Structure formats: C-alpha cells, structure tokens
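In the two complexes that follow, subunit A is the common piece, with subunit B as its partner first and subunit C second.
What follows is the complex of A and B.
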C-alpha cells in the first residue's frame, strides 16, 4: 500500500489495538510524505535529532501548510507545550518553581505517602470475585486525584474536569478523514471553560495560599516575576490535562502488558525492586503518548534523504522510534531488565515531559500496589476496547476477573 | 578464531579517583575475575571534584560529603595514602613510595593532575595562600571563607578561578581577579565569550583586572597581606587562591620509557600507552586527565582534557580494552563535554572550542543571559557553548560528529538576527594565567613537549 496513506491507516480505529506493524512499515521508509502535505518520521535516531533541533518549532501557528487540526484554534494563546524558546523556557521555569528542582526539589517525593494511600484505597475497593474495570476503578481515579490535590482543585469539581478534558483531548485526535469542525469547536469551548474555572480558582487563592501549586503560581514572585493571568490559565489547563490523560494509560498498559507476559509478572513479584526498570520498559514498549503531532520545521530540513519543507506539519512517531531495531535489540520483546533503555516515551529535548518524575512515581506505586493481586487475575477481553485517540492511545476499559 | 578473553590475572590501577574508580567498576561489570589493586596518593576513598569549587566553598555541602557514588562493588585491594614512585615496564611492577613492589599483568595509569603551584615557593607557603584540587584544599579554604576575609585575590580566570570568584560574590566577599590574558575563560572559550564573561564578573561586583600579572605576593609575619601587579598597582588581601591551571602527574613515570611528559601520557584511541619511541604498548593503559589521546574529529591531533565526562568515558573504554583482545576492543571517540556553574549561570560546552577559527551566535543572546555560540574550523562545526541552554547541545554534538558545515543554517526558533561569524580569537596559551582545560598537543605521540610556563 502507498506510504502516502500511512497516517490514515495508523489513525484508522481498526489499527488502535496494534499499530506496531504500521510503525515497522513507516521505519522502512525513513521520513514519509502524506498526501495532505504532512510528514511522518518513525526512526529513533531521526526523531531524537529532530527533538533537539532548534529549527523545529512546537508552535502550530508557524505552519504554512494547513493540517487536519485546522487553523490555530482560538483567541487563547498556546500553553508552553505549544511555544518555542525563549517564551517556552520562561514559562516552563516559572511553572517548575513550585513543582521541582532547583526551587522545590522535594515536591514530588513528598506525595509518595499520599499516592500509596490512594492506590491502596482504590485497590481495597475491588469487590472479591467481581469483574473490575482497571481503567474506571483504578487507573483513571488515581492520577486524577493526585493532580487535583497537587494543583489544589476541590475533589467535588473533579467530574466537571472529566467532561472538559474528554472534549479537549478529542481535539488533538487528528483523524484525517473525519470533519473536525464540530470536534474542534467543543474542544475550544471546553478549554476556555476550564481556563476560566482555573483562573478564578487561582484568583481566589491570591493572598490566601493553601499550600498547593495554584496558590504558589499566583502568589510566589521569583526573580523573573510570575505568570500573568492568561499564562496562569493556559499553564494550569496544560498541567491538568497532562495529569489526566497520560498516566492513566501507562498504568492500564502496565496491567495489560504484565497480564500478557506472565514471566515478567512473576519476576516482578519475586523482586519488586525491579519496578522502576519495568516502568521504563513500559514507556518504551507501550508509550501513552504515541506521537507528537504538532512540530513544524522553520527551515527546509533534510531527514533520511527527504526534504521536509519549511512550514509543513511534521509528526514524530515516538512509539515507532521506541521499537526501532537499530536502537533497541529485539525491540518487540518486553524485557523489564533491558539495559541502556533511553526510550522516547517522555519525548526528549526542551519539551521533554515536565511531569515525568510524578508520572513515574504514580505508575511505580500503582503497579506495585496491584502486584500481589495480578497473579490471580485474567483478562476478560484481549485486546480490550481502545479509546479512539491515536495520539494519547490506551484502553478505554480493561476488564479483568479472578482466574478460575 | 575468537579472541581469548583476558578476564584473569592481576590488574593494578594507579590513581584512585574518578577515572580509577569507574575503570575498576567497569572491569568487574565486564567479568574481570582476577586480582585488582587500586593505588591512591590521597588518603580518602574516591570523591568528586566539581562540587569543591561550587557547593563546598559555598558552605552548602561539607568536603567529606562528596564521595563518588558507587555503581557496584569492586572487590579490590585499596592502597590509599601511598604514592606510586616508579614503574618497571620490563619486570611489570609498580614501585610504591613505601618500598613495596606491585607486580601486574596489566596496568592502568589514572594519576590525573594537580594544581599548578605559585612559582615563588616561599610566598606560596604564606598563611592565606591556597590552591584547590583536593577536598582537603577545599575544606581549608571554605573555613577561611567562613571566617569572612576582607578581600580574596584569585590569580587566574579560567573555570576554577572564575568559579571561586563567583562563590566569593555569592557569599558577599570582596574579590579581585587577576588574569594575564584579555578576559576570563578565553583560554577555553575564545574572545567573544570571554568578553561576555568579563561583563558578567564585573556586573557581579568582581574587581576584574585583565592583561596584568601578579608580580609578588606580600606577607608579614608569615601571613599574606597583599599583592603587587605588573602595572604597578597593589592591593591588600588576606586570602589568595592560585588558579593557574593544572600540572599532570607524570613525574613518577620519568624512567618508565613511556611517552609521558608535562602534557600527559600519550596513548592511542584504545587507551593503550605509547612508549617513548611512539610504539604502542599492550599492557599499559591510560585514562582521565593524565591521558593525551588522538581524536578523529579533531584531525587526529592529540587532546588533553580536564573534563569529568571524559574521565568517565575514557576509563570505561580503557577497562573494556584491558580485558578484551584485538577485534573486541573499542576506540574512545566521545565528543568532549564540559560544564561549569558560575554567577548564576550554567555554562556547558561540547566539542573543542579552541579548535576553531570562527564563532557565531546561533541561539538566544548575551543580553538575555541565555545563548548558544557555535564554533567552526575551516567551514565545519567543531564546538558549541551554551549559557543556560544546555538542552540544545545534543543537536550541536550531532553536528560535530557529522562534520556539519559551518556556519549552521538559519531557522532556529530562538535564533537572533542572522549575523556573520566572527574570529573565535583563541589565544596562545602562553599569554594566559589560567591553563586551558583542553589542550591540542599536536600529532606526535612520542614528543615530550616542553612545558609552557605561563603567568607569575
């Protein structure tokens, strides 16, 4: 089949459960042009090089070739994930002040106890002998509760976020054939509603800090000042969405992958100290962020002998780079003790995942909590039903029941 | 026929610091089962030097808390607090200062460097005169800083001197920096960034004096009181830190027949030492600051680096090659990387900035305090230096490895208005007070280069 339609084939829902053969086809060809003028790259070295190339923009407003997501959506400017240096750098550092080193080095680690407690409570809620949906009963509530606590969002408002978040993420879902207008309109509305809510919440903390990140972001003044009200809104929306939509898939993929690989599960149960390595391997083998769809070259750039023109949509398929045999020996093997595992699961370069330490900690604790039970469970359906989204890919439900 | 593994026998490592430790760990990791001995002149187990002129002098970390993290157990005999005084290559023995002889099958030389002392030995003994190479040095100087000196004089504005000046300002201590060259850091980074560094130091209240030398350190009753400069001026100071660069610890090899001299011990890309005729040995290896090795990316010139990352990478290659035969050996080709933190900035370089004729600003700007400068030699990229922009260096490392054309094309998202490259103005080391932390020392492995004696 033509490589010009590769992206459409990847986006096709029928490929969701196993896109990896299509990624292998992508790697055969290096960089491939799609019939809509966008480009896909799926080999490890090329992706890593592009992620460090200062001529590759993350700002979709710099595209000259329209993409499936339509023109830059609305009046709200992008959050720092969609900006370039120096703006990106300034905002990321301001957001980092209450979250990580050098200013708040202990922030994430201090959550360990609370994450363990929440995970324990959720797991205790699994009724004996009944079917469990790993997504709804465990993998979704855990990171959502944690990110809400961290930011300072009251838990009674959490359901509103789920609705907003669902619409926003559907907006990234760059399925090319479908008419995206309606989807984009509701994404824009949801983003605006969430931004207003978070902006008001943060305002109410001005002068009355309550120890959470929103309070710190409105009240703390660093040497470089602080976020203005619009930046505060876009940044907190970004943190909430990122905290909502990614870790859930890593935890779910973890359960699914371990149930599919009983040898790895047995090894982990014997030696839970292998968990951090196992989580890294999961990030390589089943990464929740399959691709980065919003890069644009600011000059003509040559990749694997193909010239990608300035302004063209450029899609970096991280999940394909993670299975590149030129970088990883036996890439399709799930090996929890894989040495030298520098996967692309958290991206790389200046936009590399801001929340990685938190995501790692949550997933390590979540899977460690479930370990003692996993041996007695089996998958009800394999493959499970997936979400439609091919960028943030993961099961919509993961039903498991007692093995009998 | 597959090469015979060399995982038995006796290995001696002389120099029990960063390179020595990482080599020992790699040997065990890769299956060496024989007898392993580490000899170190310092009484302490291996520790990390970069924090000495940063966190330790700032008083944030104690000098005895900088031990190097262990990657694994090494099961070795540690002979600490004893100096190797000679090498008998025929009898394959290391001679120790305590009279002991250590026989070996394979030897790793990792004796690093020491601080170049103040040339006037009497003045160097004055109370208040310091160098910083070891944790004991740093601990004594930190104590002196705690006591609140009235003025510190730093002689030499290379990385070490500049970091010490930065610590002084951060602690609110008055500091004068004397540098014979035209600006701080020029020996490592060339003229353009030297100018930036000079402005930075002055903006932080450093009394920076370039183009002068310190002609005398003055004392009274055994205590330092001040210094005189070549321009006739003088200052009062109760502490002087000598930061004139490093001297390679090769004296113990003087009669060994190896190509060892003031510029280090010459070795091939596989870390095997050369003898004085330029013939490669097969059982003596070199790694870390003491090594002088050819690098293909820099026209096979011999390089001497004083870089933490190089010590680690080279130690790993040396260890691997010590226990692998022929076709299984690996070359040490890593692109040099160096970092420094001073005056609130993180400065990092890849490649060899002194191997250049031109430099261009590629990203950011000096005004922002964030930038990437790219260096080229005869039309290809040979180095890049970032200020608070380290995450981009990976890109330039690739350009160096692929000999990408210089200057790099436009299009960086945070690129300045396109500007023409300017000369990189790398001075002759002779005109500097601080020794360069990278030295290109020509092509010949057997040349016992004469010492360039700067400053003073």
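What follows is the complex of A and C.
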C-alpha cells in the first residue's frame, strides 16, 4: 500500500490494538510525506535529533499547511506545550517552581505515602471473585485523585473535569477524512469552561494559600514575576488534562503487558525491586503518548534524504522510535531488565514530559500494589477495547477476572 | 555506596533531583550538584534515580568505581 496513506491507516480504529506493524512500515521509508502534505518520522535517531532541533516549532500557529487537527484555537493562547522558547521556557520554569527542583525538590517525593494509600484503598475495593475493570476501578481514579490533590482541586468536581477533558482530548483525535468542525468546537468550549473554572478557583486562593500548586502559582512571586491570569488558566488546564489522560494509559498498559508476559510478571513478583526498570521498559514498549502531532519546521529541513518544507505539519511517532531495531536490540521483546533504555516515552529535549517524575512514581506504586494479585487474574478480552484516540492510546476498559 | 554522574552526559532533566532530592540537587536551573557517597537509607531512591535518568548518566556502586577510575 502507498506510504502516502500511512497516517490514515494508523489513525484507523482497526489499527488501535496493534499499530506496531504500521510503525515498522514507517521506519522502512524514513520520513514519509502524507497525501495531505504532512510528514511522519518514525526512526529513533531522526526523532531524537528533531526533538533537539531549534528549527522545529511546537507552535501550531507556525503551520502554513492546514492539518487534520484543524485551525489553531486562537481565542485561548496555547499552554507551554504548544509554545517555543523563550515563551515556553519562561512559562515552564514558572510552573516548575511549585512542582520540582530547584525550588520545590521534595514535592513529588512527598506524595509517595499518599499515592500508596490511595492505590491500596482502590485495590481493597475490588470485589472478591468479581470481574474488575482495571481502567474504571483503578488506573483512572488513582492519577486523577492525585492530580486534583496536588493542584488543589476539590475531588467532588471531578466528574465535570472528566467531561471537559474527554472533549478536549477528542480535539486531538486527528482522524483524517472526518469533518472536524463540531469536534473542534466542543474541544474549544470545554477548554474555555475548564480554564474559567480553574481561573476562578486560583483567584479564590489569592491571599489564602492552601498548600497546593494552584495556591503557589497564584501567590508566589519569583524574580521573574508570576503567571498572568490567562497563563495561569492555560497552564493549570494543561496540568489537569495531562493528569487525566496519560498515566491512566501507562498503568493500564502495564497491567495488560504483564498479564501478556507471565515470565516478566513472575520475575517482578520474585523481585519487586525490578519495578522501576519494568516501568521504563513499559514506557518504551507501550508508551501512553504514541506520537507528537504538533511539530512544524521553521525552515526547510532534510530528514532521511527527504526535504520537509517550512510550515508543513510534522508528526514524530515516538512509539515507532521506541521499536527501532537500529537503537534497541530485539525491540519487539518486552524485557524488564533491558540495559541502556533511553526510550522516547517521555519525549526528549526542552519539551520532555513535565509530569514524568509523578507518572513514574504513580505507575511504580500502582503496579507494585497490584503485583500480589496479578498472578491469579486473567484477561477477559484480549485485545481489550481501546479508546479512539491514536495519540493518547490505551484501553478504554480492561476487564480481568480470577483465573481458573 | 558510591555514585558517579557523567556530567558530560547530564543534560539537566533533573529526574534524579525529583526521585532522590537528598542526594541530587539542582544548582541554579540546570547544573547538577550531588553527594558521591550515598547514605544507606537513600540507596533505594538513588537506584530509582539512576534507572529514570533519560540519558543514563548515573553510575551506581561497583559500576561507578570501575568506570570512574
């Protein structure tokens, strides 16, 4: 089949359970032009180089070729994930002040006990002898509870975020051939509603800090000042969505992958100290963010002998780079003790995942909590039903039940 | 337990400073400061930090001794 339709075939829902053969086809052809004028790159070295290349923008407003994601949402400015330096750098550093080093080095580490407690309570809630949905009963509520606690968002409002978050993420659902207008309108409305809600909540903390990140973002003034009200809204929307839509897939993919690899599961049960390495391998083998769809070259650039013109949509398929045999020995093997595992699961370069330390900690604790039970469970359906999204890919449900 | 960080490799992703904040710290926005001798109660955190390093710049234990020589 023509390589010009590769993205359409990857986006096809029928490919969701196993997109990896399509990624292998992509790697054979280097940089691949799609019939809509966008380009796909799926080889490790090229992706890594592009992620460190200052000629590659993350700002979709730099595109000159229309893309499946539709026009930019120009009424609300992008959060730092969709901006370039120096704006990106300033906003990311301000957001980092209450989250990590150098100003808040112990913040994530201090969540260890609480994450362990929440994971334990969720696991204790599994009814004996009944089917469990790993997504709804465990992998979704855990990171959502943690991000709400961390930001300082009341968990009783969580159902509202779930609805908004679903609409916003559906906006990234770049299914070609489909009229995106309605989907994009809902996404824009949901983003605005979430921004207003978080903006008001942050304002209510001005002068009345409650020890959470929203309070810190609105009250702490560093040498560079602080986020203005619009920046505060776009930043907190980004953090809340990221907390809703990514770690859930990493945890669920972890359970799925371990149940598919009983040898790895047995090894981990014998030696739970291997869990951090297992999570890194999971980030390589089944990354929750499969691709970065919003890069754009600021000049004509050459990749694998192909010239990608300035302004063309450029899609970096991280999950394909993670399976590149030129970088990883036996890339299709799930190997929890893989040496030198410099995977692209969290991206690389200046936009490398902001929440990575939290995602790691949550997933290590989540899978360690489930470890004693996993040996007695089996998958009800394999493959499980997937979410429609091909960028933030993961099972919609993962039903497991007692084996035997 | 000894550790060595290959500071030519280190790119300041600071994942270690999140995971073992008593051993690794950022000096300013990006430069890494760390204690080469690791107290016993920090071993688990340091191993996790080494595993999480996106550029695999942290060498732990005997591996550190051999490569540092």
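Here is the rule we go by: the second predicted complex is superposed on the first by the 403 of 404 C-alpha atoms of A that agree within 3 Å, B and C clash if a C-alpha of one lies under 4 Å from a C-alpha of the other, contacts with A are read in each partner's own complex, and residues count from 1 in each chain.
Assume a contact is a pair of C-beta atoms (placed from the backbone, for glycine too) under 8 Å apart; a residue touches a chain by one contact, two chains touch by 3 or more.
Just so you know, these numbers come straight off a predicted model, no measurement behind them.
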Which superposed partner A:309 touches (first subunit B, second subunit C, both, neither): neither
Partner chain in contact with A:357 - subunit B first, subunit C second, else both or neither: second
Which superposed partner A:105 touches (first subunit B, second subunit C, both, neither): second
Which superposed partner A:276 touches (first subunit B, second subunit C, both, neither): second
Contacts of A:77 with subunit B and subunit C, given as first, second, both or neither: neither
First (subunit B), second (subunit C), both or neither touched by A:37: neither
Contacts of A:209 with subunit B and subunit C, given as first, second, both or neither: neither
Subunit B versus subunit C as contact partner of A:298, first or second or both or neither: first
Touched partner set for A:53, first subunit B, second subunit C, both or neither: first
Subunit B and subunit C contact sites that coincide on subunit A, given as residue numbers: 352
Subunit C-touching residues of subunit A, taken from the complex the two chains share: 93, 100-102, 105-106, 108-109, 273, 276-277, 280, 340-342, 346, 348, 352, 356-357, 360-361, 364
Residues on subunit B engaged by subunit A in the complex (per definition of touch): 362-364, 368, 370, 372, 389, 391-392, 394-395, 398, 409-415
Of all residues in subunit C, those that touch subunit A in their complex: 13-15, 17-21, 25-29, 44-45, 47-48, 51-52, 54-56
Residues of subunit A touching subunit B in the complex: 48-49, 52-57, 59, 84-86, 89, 297-299, 310, 349-350, 352
